[in-house]
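What follows is a single structure, and I will ask about it in a moment.
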Amino acid sequence: MARMKRLDEMTSKEFAETVDGKTIVILPMGIIEEHGPHLPLCTDSLQAEHLAERLAQRFGALVLPPLRYGNSSSTIGFPGTISLSFDTIRALVKDIVSELVRNGVRKVMVLSSHAGSGHLCAIREAVKDVVIEADGRGIVVRGLVVSDYEVLYGLTDRGIDPRDGHAGDMETSRVMVLRPGLVKNRSQAKDSTKKIPDFLVIAHPEKEWTGIRGFPSKASKKKGQMLEDMAFEEISKLMRTL
Amino acid sequence: MARMKRLDEMTSKEFAETVDGKTIVILPMGIIEEHGPHLPLCTDSLQAEHLAERLAQRFGALVLPPLRYGNSSSTIGFPGTISLSFDTIRALVKDIVSELVRNGVRKVMVLSSHAGSGHLCAIREAVKDVVIEADGRGIVVRGLVVSDYEVLYGLTDRGIDPRDGHAGDMETSRVMVLRPGLVKNRSQAKDSTKKIPDFLVIAHPEKEWTGIRGFPSKASKKKGQMLEDMAFEEISKLMRTL
Amino acid sequence: MARMKRLDEMTSKEFAETVDGKTIVILPMGIIEEHGPHLPLCTDSLQAEHLAERLAQRFGALVLPPLRYGNSSSTIGFPGTISLSFDTIRALVKDIVSELVRNGVRKVMVLSSHAGSGHLCAIREAVKDVVIEADGRGIVVRGLVVSDYEVLYGLTDRGIDPRDGHAGDMETSRVMVLRPGLVKNRSQAKDSTKKIPDFLVIAHPEKEWTGIRGFPSKASKKKGQMLEDMAFEEISKLMRTL
Amino acid sequence: MARMKRLDEMTSKEFAETVDGKTIVILPMGIIEEHGPHLPLCTDSLQAEHLAERLAQRFGALVLPPLRYGNSSSTIGFPGTISLSFDTIRALVKDIVSELVRNGVRKVMVLSSHAGSGHLCAIREAVKDVVIEADGRGIVVRGLVVSDYEVLYGLTDRGIDPRDGHAGDMETSRVMVLRPGLVKNRSQAKDSTKKIPDFLVIAHPEKEWTGIRGFPSKASKKKGQMLEDMAFEEISKLMRTL
Amino acid sequence: MARMKRLDEMTSKEFAETVDGKTIVILPMGIIEEHGPHLPLCTDSLQAEHLAERLAQRFGALVLPPLRYGNSSSTIGFPGTISLSFDTIRALVKDIVSELVRNGVRKVMVLSSHAGSGHLCAIREAVKDVVIEADGRGIVVRGLVVSDYEVLYGLTDRGIDPRDGHAGDMETSRVMVLRPGLVKNRSQAKDSTKKIPDFLVIAHPEKEWTGIRGFPSKASKKKGQMLEDMAFEEISKLMRTL
Amino acid sequence: MARMKRLDEMTSKEFAETVDGKTIVILPMGIIEEHGPHLPLCTDSLQAEHLAERLAQRFGALVLPPLRYGNSSSTIGFPGTISLSFDTIRALVKDIVSELVRNGVRKVMVLSSHAGSGHLCAIREAVKDVVIEADGRGIVVRGLVVSDYEVLYGLTDRGIDPRDGHAGDMETSRVMVLRPGLVKNRSQAKDSTKKIPDFLVIAHPEKEWTGIRGFPSKASKKKGQMLEDMAFEEISKLMRTL
């Protein structure tokens, strides 16, 4: 198994000697966002960063410094949520991936544990723009923009409950593995299946749900480890298309 | 049952006398896009426009002039696709909905039969921006951004095959109902389940699939009518949240 | 005489077989805008769309789906006017013409019956941008951006009254031909020559005039047909420069 | 008659004591642009600046530092033309007028001797944006955006030849009055009525005409003075609407 | 002494209970950038992050997740430099600070060890925009945008050599304290005082210098600690103006 | 000594015959900005314009029409300051320099006597963008963006008092030379060393200082001439790097 390397802990010289068109570079992304009364604002970041490191190890990939800043619609009315605009996320990812390409990188994965649809769309638009611009100059770049939660939500045949999501059973379980000290007051984290009506666009989503979707009460370390392993294996498969 | 009205066939005076905060205004959207060798480039537009008219009739809503211009990633390499940028679609929808709000409208539905993820995201970002800006001025606007295909894809328990999509059984069936004269050379429309690898971002998606996803060979008028009726009923339910 | 074809009613295959550098593509544009108490908000769209179809027939051109969305300054204070920003109109036309060029089209006419100066300027800037960008890549594109009203206003030697304009004699006459059922309450449409002072820029133009400029009382079907024929012949001449 | 003052030759204290809601501020604009082999690149600037000073004197207005930078389409292929983009001109004028409004000014005239349609449209869009934004905050601003050439072209009943324009009889005559030393090689300035076909948008307008439209051979100082006087009187009338 | 807290390790509930108008929030910024053959690409990030934590501890401030992405001109031709555009940095900082303000924060410090002039200007413009917009809504926000290197460069009377800068004595010394394992091949890090000519703007700055300015050979852990202490004390003084 | 020429007083023909890759073009920039009760708002413009003309004469350079519009943060609360946004200044300079490059110019100096950090940064970003874009097309452009005050502030070893700046001894002295009639009420111009706290970003800088930094009471014509001569010689050295 290859050793994971943080891209920015290398010197310029090491970078020049190491990186070529076969190198996979991974950008882990999260967000600072309400996750119930019991999980930290960095919940998504913790998951993406840990998963990125495991995947980098398996694939001999380089990991970029994580971006703990993202875009969210549904939690914007809750304390502590820092939501960057669609355009800022897109510009940010576009510049980073562009600069990687300028440095000779041709395979990039953005891995975001935050799976907000605007957030992922901004990232995809950014990567697509870079890939198409590079193509116009005869450079073939392949990008993978994936959220472990998009992947997990698709695995209903393997026990994933489609009613569980933000700050629910899955996220609580995974943070219990990664940073148990940051899980607090679980008794205050009430299970809830209330959600914002589908397709509705309103100014105050925080009035339509509790900030938790699913079942934090069912969380366990064991489940957390299992979920991460599932995500790890599924994303490994996707990375082989790079 | 109320009578459907086209918003722009009214005079200024009729508009002033008719429209108030309870009026629902519907914007039908499609795209000019490859739909196999057998369906017209306006396939999505035909579906959205017809459905919008039926829904407007049921709800006494006003229908805006349709927008047959949209954004697509996956068909951009095929002849005849006209794909506007994300930003243009967003600006367009934002300006239209903004102007409706300036004119006193408070309930808007954008109905797009094209369900490209960037396309729908651009529309949602636009409507969200208007809703939030209005909220900042104390005006409550409710928006609904929905694709009949997002709705249909969710109905796997009612016989929808998740492998059928763009230019497949469902779309062929529906155009056979709406404009049978525009369905041509069905024998050339080969069934196919090949698709662009999940989450991959590449410059030439047209090399990864045939431009058809699913089973045009299975299409029938009867199925077309049934699908439209299903979409009509499901979207009617959503419209009650407006 | 060639047969008019709607571009988006073709299949991708037909498009590929039909369109080349000699094809003329016409984009008809209007606006949703106050036109007195007697004419519909879509007055400009009706005229552009009908004229585009006649011209397409004469020249064997393709007609794009019409855009009934435009930009206006002078009617923005009247009920029912939907005015998109300068930048949105420019982006919209730029993307559409760009995509045509990407698809091999080299001759494009935008025909707008709405002749607002900002509106036409936005369209011209858009087409110019595409033409110049294409030139930078060695591709020769020719564009024609024309309003039948700019053309008619220039024909004072053939009986056009320079005091007649928006919702006046000419527009009323033409809608009487195209959609007589949409002309209403003509007795309420008062003749007026009041206009916004030349070159003045103010926030409330609707306080400076009645929303009618000219003489709706003089309108007749006969005149309407004659005006359309004049515009048709004059624009035919312009199209020969493409 | 009031004394003309240059706004930026005052001190901050004088400005504070002098300027209020009744003050008219004039921004003279020109462009650096080919004007035949015989007139300087600053031809338009000379005219606007001199006229602005005379008008300021009559109305007790303040004159801003001139902007000798503008936007042009038709002369862009000739040596020495410096054409700023539409967006830059718009941003520039918008910022200047905005800042005047922030400083308490409520009446602004932009006087541009360059009458390119994109150029004037950019200025009008800018002033309109400021006027409408101010209106939203309850501040009434009135703007006048005028070109002496738009005014002169309208005076065909007073001897203006509609075939004379850029670098022709009128402009040559006026520069002969203002800066005779900058008029050179008049024998090389051939009369010409060749023009870019109406409404056509092409990449190389410099191939369609000579860079002169009209009759430089007919120019005279006397005519130059008469034209400026005509423009002076006509624009004085317009300024009374401010 | 207060305890340093990472803002995003709190829960939403803790955030709501902790943060008010007196809270100081610190955003540490660095860049991924060439720092000679001997220092890691994350050199600036290491310094900013450690200093931010010490300052947060002294002032009971909250530390945001660091941004290891910045803008650079002078190192852009060397391997491994990832330089985001001016506009992206500005948008990023603006959104983050805006969101803090929306959450009730009124005192923000951005601390960047990268002192590129465009980079710092982008941050200042961003913070200024937020501060002025907040002021327009009656909210008083105070921002501090500071680089420890701007501070140190000003201390020439305390032994700072004005010829030492990027990847020189000071930076080498400080990384030797913070992450000695990341300092490599010091023998290859040649002292150099060659620099890009003042005020010159060119496309290939990497041809004008070695990527080191100053004297890495003189570096020592002792000096590194002393420099950090100096920066710590000086920035503490500045923070008292917040 | 070469003769100074104003670029825009040439004809298109003269421009074509004169300008080539060796021509240096100088753009003088100032701002309309409070300069105490005693100096005119155009103080910075006067200095830049005069210096540009002297330098042009020495180097046979061409002088562009001056831009008396700039960006300022610190004087924005004082009457008469007209501050354009960062983006407008950047766009303006970028378009001008781009157009020079399109016309064959390869050496450009922007000389701004206003030395606001945002203002100079906007200019530098603009010139850098043009230089890098030109490089991408194989065209070598060299730019120099310099403020005589940045240069003078660096000459503390030659008697420049670091506490003197905006509207102080130096500026007063220089305007006394250039336009003595515009210096007024010197008795009201109080010496002051109060300044906005370093690195602080606030909404109302005008509350933190008097609008004068330094010692207007010490000004003299003799000093004014000496300062200009110093700036002239120092900038001459810099111009040799072009």
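For reference, chains read A, B, C, D, E and F in written order, and residue numbers begin at 1 within each chain.
Just so we're on the same page, a contact is a pair of C-beta atoms (placed from the backbone, for glycine too) under 8 Å apart; a residue touches a chain by one contact, two chains touch by 3 or more.
Note that the structure is a prediction, hence the values are computed from the model and not measured.
The greatest centre-to-centre gap from chain B, using C-alpha centroids, is found for F.
Taken over every residue number at the interface, the positions common to chain E and chain F amount to over half, indicating a same-residue contact.
Using mean Cα coordinates as chain centres, the one most removed from chain C is E.
A straight line joining the Cα centres of chain C and chain E is 55 Å long.
Chain centres here are Cα means. That of chain B falls 26 Å from that of chain C. Taking each chain's centre as the average of its CA atoms, chain B and chain E sit 48 Å apart.
Multi-chain contact residues, meaning those touching two or more other chains, do not occur anywhere in chain C. Taken together, the touching pairs link the chains into one ring where each has two partners.
In this entry the chains close into one ring whose order, counted from chain E toward chain F, is E, F, D, C, B, A. Within the complex, the chain D residues that touch chain F are 6-16, 19, 32, 34-42, 45, 64-69, 78-85, 87-88, 91-92, 94-96, 99-100, 103, 182, 184-185, 188, 211.
Across the complex, chain F meets chain E through its residues 73, 86, 117-118, 121, 124-125, 127-128, 131-132, 134-135, 140-146, 150, 197-204, 238, 241-242.
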